[in-house]
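The following pair of complexes shares a single chain, subunit A, combined with subunit B in the former and subunit C in the latter.
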Partner chain A sequence: MRDYLKKKIISENFDFEEILLIPILATLLALIIGCLFLLATGETFENILVAFTNLFIGSFGSLNAISETCTAATPLIFAALGIALAFRAGLFNIGAEGQIIIGGMAAVIIGFSIDFLPIWLHLPLALLFGAIFGALYAAIAGWLKATTGAHEVISTIMLNLIALRLLDYFLRLPVIQKEGRNDPISKSVLETAQLPQILSFIEPQLRLHSGFILMLVAVVLVYWLLFHTTIGFEFRSTGSNPNAAQYAGIKASLTIILVMGIAGALAGLAGSNQIMGVLGRATPGFSASIGFDAIAVALLGRSHPIGVLFAGLLFGALIAGGRLMQVKAGVSIDLITIIQALIIVFIAAPLLVRNAVPWAFKTKDKS
Partner chain B sequence: MKLSYKLFGAFLASVLISLSSTAFAFTACQVTDIGGVDDKGFNATSWKGVQDAVAKHGIGSKLLESNAETDYVPNLNSFVSEGCDIIVSVGFLMGEATANAAKENPESKFAIVDFAYDPTIPNVMGLIYNTDEAAFLAGYLAAGVSKTGIVGTFGGINIPPVTIFMDGFVAGVNHYNKTKGTNVSVLGWDPESKEGLFTNNFSSLDDGRAFAQNLYDEGADIVMPVAGPVGLGSAALASELGTDSLKIIGVDVDQYVLDTKNQSVYLTTVEKGMDATVLGAIESAKNGSFKGGVYVGTLANNGVRIAPYHDLSSSVSNGLNNEIKKLRSSIINGFLSVKN
Partner chain C sequence: MPFHGHSKQKIKVKMNNFKQNKYGNEKQALLTGYLLVVFGIFISFFFGFGIDGDAVFKLSRPRDTFVLPNLVVPASEYNILVSFVLIFLGARIILRRMTSYSSLYLGAGLFLLVTCFLVWATAGKSFSLTGMMQATVIRATPIALAALAGILSERVAIINIGIEGMLLVGAFSGAVFGSLFGGIIGLIFAIIVGGLFGLLHALLVIKYRVDQIISGVAINILALGLTSFLTSSFLKTNPELNDAPIFRPIKIPFLSDIPVLGPTLFQQNFFVYGAIILVLTTTYYIFKTGVGLRLRAVGEHPKAADTLGVNVLSVRYINVSLAGMVAGFGGAWFTLGSVGRFDEAMTGGRGFIGLAAMIFGRWHPVGALMAALIFGFADSLQQKLAILRTPIPSEFLAMAPYIATIVFVAGLIGTARAPHAIGKPYIKE
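Showing the complex of A and B:
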């Protein structure tokens, strides 16, 4: 069962049908079924066409739309890269949400408390702390697994809950809480710790910030780490056959802690990215379940960095386009959630896709 | 093939027609917070205000629901670029996002429920409510109806528009104790230290049930949840226990009408007339009298009120009911302060 699952969510080589065709068809099928949902709720054909046209216009139809798509995609891709990396090493990291929260908290504290550093020191320092604390928090689950065998799915879920309550607690500490407020909200990060907007010279309301570029760098780095370094090879070997890896002299426990640490650092960066590029402060809901959506992005991207990049952009597009869809067609934003869920169903069951559109595939399903 | 092109053409044409037919001379737009428009609370009530304006003046309306707080800014921006004539944002938590959008777009008009800016912003109308006036009456009522001598309350998040309910409620109970020489106590909120029971969310019905259960276990037989849809969970619990054991006081909008499944458990509702004030803000933008600043809903202008007792009116004695009517007029006339 586990081997079967692994085969479904990880693609070893860049197989065209596995990495591109199935996700694309899954997305199309999900959109079509989304239409059926709309028809069932009494929407007219015209309005459905208006809805889907605007879903596209709102995500790619203008510079602002593209900026919004990329802004929404950036934290998803950061966190999904970490989850994909863990998948590759045979670990199901459900804890990105908690790691985002802890990383974001670290970034916000560095962001508002240090007021004497210039931007070129303050900004990297805040990002670094976000990454380190995300890594440490995830490494707890890795360490528990390596030393006691505690399953990472259970421990990361529990660590998510702990992170959520820690956030509530921290946001009410007088040193962190914003002056004059009784509700849990942190002080705002200083300008020297804000990720600069990169398109505001064209139009000031374009929100895309430099975290997007950092994210692209991270995609390249994770690709390089996975496929061109010894560590990456060790990760993948541990994932595909832990016993063989052990016999080949790879230290499984060290690998587990290391993988979880890197995954946590990436999730921590996702959190810092939201704090320093989008929100400017922390509140109880700042993680906005990005850590859970990122699991879907990693699945859709077949745990391949390039696949994750495109999957993240697709999810970002759904979020950004969903707004215009709601404005122009009056269709509830819940449709987006349904489409996202359907995509995952089709990815998790690729046979469904193969059977729905058999003529699109040249090769038979090898599993 | 040709036929399908024709069909497609006809389809496109009909889409264009339907697009152009939605162009109104005046459009009011609302951004909800994460509770969503079907929260049976302040988002729903504000949206009713927009719909009332649509029915009354034949204007257009648009809605954007926020899935997460990261949506506030882009949602407001979408409506600005959409050219909305007035943008209504719902809730204290959207305060900063609305202020920034208003400053960046001085040509657009905004109204925000539950937020007053100091200093005021020329293109934002803050709609706030002296909810404590109505909550005071509800507190007095609860103290008079309670058999155990213990009543309870809990909130969503510790922010002024929530705690003002709890302040007024406690003040009402205290006033009852002072007039009658009784010793009814309130669990869940201390107006002095500004600390109390909070679910820290506005969405979990499970929390609503659990918090009401805790208060009930401590002896409370009337509970006022101030947490939007969370209170629906408390109502479900009261419905199971029976109204002799536990009664609920609703908030925002008459829950007897909205929560039809458990309507019999509501003793009353501390209502905020957000529909009326949102309608007023839209009308002022439409007829050109819009001014930035603050609009305060009070008992006097019917911006806040308590709902009828409905099914539980038999548990409110005539004497108590008359006292509450008298209290209401002394608050309106300024003879009685609702502060603790």
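Showing the complex of A and C:
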């Protein structure tokens, strides 16, 4: 199964149709089916036009829209980088959601509890803890896989559910729960642990925060790690042929733990970014299924850091535009979820895309 | 060639493994011994001393035909006694290297640990044991059905992460069509729609060769998106579409009058009986019929099955669709069998717990039912703990099934073996 998966998701050589055409067509097809679905549920043509216009306006139509798009894309790209890295090493990390929760919790605890540090120490410390706890949490699945062969899909699914319950528990602990509140909500992170906004000098309501820059750095770092370091080479060779990698002297078990650890750190950073840049505190649903959307982003981006960056921006645009669409056209934002699911299906089944628009392809399906 | 591709040596190794599993090996026995000692110390430390009063377990309700007296357990004495028994047994296993029946001892030890916990939590109070068992069976039902769906699908070597989504669409269609046309039609539609999603999964993984896990993830997201979208665009504005009749409990004459057992098993609604019947028929179907034999062959060694003339792909299509139908039925439990209305994401991870139950039950319907009952017990205990006001946070109890699954999958206790060809697409040469 893994070989099969890899052939489709990861292309070693640049192939225009595989890398660019299919993702673009997949997105377009998903949007068209979304349209048809709206028609089927009885929306009028004009309203659908209004909906899709606002989807665009809300994502790219103004400076504020672009800021919202980038804000929504930041945690998605962080988490998707981790998932892509794991894909490359032949691992399926479904656990990003749990790692986001654990990382975010760590960040929020450091963020509100330490009040004597200056911002240049407090901020990195909170981010660091978010990353470390995300990494440790993911490493559980990696360690189990490496030592006992427990399948990472099952263990990460279970770890996701455990993380959800842990979050519920932590948010009701008196040390963490906001004073005077009965609902599960954490204390707010202090100003010294908030990621500063980077566009507020233009307009104060622009929410884009410095996590976006960190994310861009992460993209470059992951790219460098994957393609220009020995560790990255080991990751990729473990993914493409574990047996050959073993014979070549690559320690498979160590690689697995390391990959899961890095993936978890990136997911933890995604959680910390949401907490420290957008929400300012933790609530039961703060992870907002970013970890699952990130799977779609990693797939759409062909598990390549640059691809993930663009796929993440697209998904961020869908989320940001979806909000305006809901307000202006009365179309529920859940439509975006449907479109995302369809994108996953089309990306994972290029045959479907080829069958739907055969005239767009010059070459035959090689897989 | 029944052992195509296996050398004699491999078969020998397999036989040895089988022997080890049956009689238990020394490592596992030692682990069991230590665990029992730890349980014993834990019980006397936390549950044994410093509690007073008796734990009163109510076995009957006043209007039952036969009223049993309450079960009164002196809390402190009982727990200390159990703790000594466990420490003694554990020490005996460690010192004598008793390698046989170690899983049985471990199971008994866990059971006693749970009783001690209950006694400790109820000390000085009273608590309806029958009500708790009834709730256990009710809560185990969707988990067992999800597990059954998982078994049907994974026995033909198709991983089905999408069961959560199939439960969700089953719950949604049950609510909507149940409100429109009545409960039975609602149930039928839930099964049909669940089956369609099963078929979609089969189509994606068999025809379009989508990775099975990715397809499952996509189906979960799609189901969540579709049901949430339809809920917020239609059900919120038309509440009459979300007001389905509920299947009431059916009392089975005579049997329902048996104390404790009657209310637990024979005063339940259609879904509980349906789940039990489905577990039995699936067991028969998989293990006693020719079709079932072919199905297992497809899961273990599709190439061999193909050589013998089994149509691998159609067996997979049929069983994955069947799995979807079972999951749709299980999904209808959430609306038609319980509250009568649909809420967004109301299945709350039961599909995943079902997968866990499937693994625990070693891909066997009866085993999965047992595992589902244990998980259902944890689920209902969690509710009761709030009533008893114990200092233990209910979230940890809710986590227990997941932690247990990880421990089990990691092979620390017992072994889990999936069908051999699992996850691999079958490509005819």
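Rule of thumb we're sticking to: the second predicted complex is superposed on the first by the 365 of 367 C-alpha atoms of A that agree within 3 Å, B and C clash if a C-alpha of one lies under 4 Å from a C-alpha of the other, contacts with A are read in each partner's own complex, and residues count from 1 in each chain.
In this section, a contact is a pair of C-beta atoms (placed from the backbone, for glycine too) under 8 Å apart; a residue touches a chain by one contact, two chains touch by 3 or more.
What you see is a predicted model; the values in this text were computed from it and never measured.
A.B. asks: Clash or fit: how do subunit B and subunit C relate after the overlay on subunit A?
C.D. replies: clash
A.B. asks: For A:S155, decide between first (touching subunit B), second (touching subunit C), both and neither.
C.D. replies: It touches subunit C, and subunit B stays clear.
A.B. asks: A:F361 in the overlay: touching subunit B, subunit C, both, or neither? Say first, second, both or neither.
C.D. replies: neither
A.B. asks: Give one of first, second, both or neither to describe whether A:F60 is in contact with subunit B, with subunit C, with both, or with none.
C.D. replies: Once the two structures are laid over each other on A, A:F60 reaches no partner at all.
A.B. asks: After lining up the shared chain so the two structures overlap, which partner does A:N182 touch, if you call subunit B first and subunit C second: first, second, both or neither?
C.D. replies: After superposing on A, A:N182 lies in contact with subunit B but is clear of subunit C.
A.B. asks: Once chain A of both complexes is superposed, is A:Q340 in touch with subunit B (first), subunit C (second), both, or neither?
C.D. replies: Touch partner of A:Q340: subunit C, not subunit B.
A.B. asks: Once chain A of both complexes is superposed, is A:A348 in touch with subunit B (first), subunit C (second), both, or neither?
C.D. replies: second
A.B. asks: With the two complexes superposed on chain A, say which partner A:A288 touches: subunit B (first), subunit C (second), both, or neither.
C.D. replies: Touch partner of A:A288: subunit B, not subunit C.
A.B. asks: Touching A:L49 in the superposition: subunit B (first), subunit C (second), both, neither?
C.D. replies: Touch status of A:L49: first partner only.
A.B. asks: Please tell me which partner, subunit B or subunit C, touches more residues of subunit A.
C.D. replies: C
A.B. asks: Contact-wise, after the overlay, does A:Y223 reach subunit B, subunit C, both or neither (first, second, both, neither)?
C.D. replies: The answer is neither, since A:Y223 touches no partner chain.
A.B. asks: Pick the subunit C stretch that clashes with subunit B in the superposition, from 61-69, 205-213 or 241-249.
C.D. replies: 241-249
A.B. asks: Take the contacts of subunit A with subunit B and those with subunit C, and give the residues found in both.
C.D. replies: Common interface on subunit A, subunit B vs subunit C: 168, 332, 337.
A.B. asks: Okay, in this complex, where on subunit A does subunit B touch?
C.D. replies: Counting only subunit A, the residues touching subunit B are 45-47, 49-50, 53, 64, 68, 71-72, 168, 181-184, 204-205, 207, 274, 278-279, 283-286, 288-289, 319-320, 323-324, 326-328, 330, 332-333, 337.
A.B. asks: In their complex, what parts of subunit C are in touch with subunit A?
C.D. replies: Contact set of subunit C toward subunit A: 159, 161, 204, 208-215, 217-222, 224-226, 228-230, 232-234, 349, 352-353, 355-356, 359, 393, 395-396, 398-399, 402-403, 405-406, 409-412, 423-425.
A.B. asks: Give every residue of subunit B touching subunit A within the complex, in rising order.
C.D. replies: Residue list for subunit B touching subunit A: 11, 14-15, 18-19, 29, 34, 62-65, 67-71, 73-75, 77-79, 81-82, 93, 104, 157-160, 163, 194, 200-201.
A.B. asks: How about subunit A: which of its residues touch subunit C in the complex?
C.D. replies: That would be residues 1, 4-5, 8, 41, 92, 94, 144, 147-151, 153-155, 157-159, 161-162, 164-166, 168-169, 172, 292, 295-296, 299, 331-332, 334-342, 344-345, 348-349, 351-352, 367 of subunit A.
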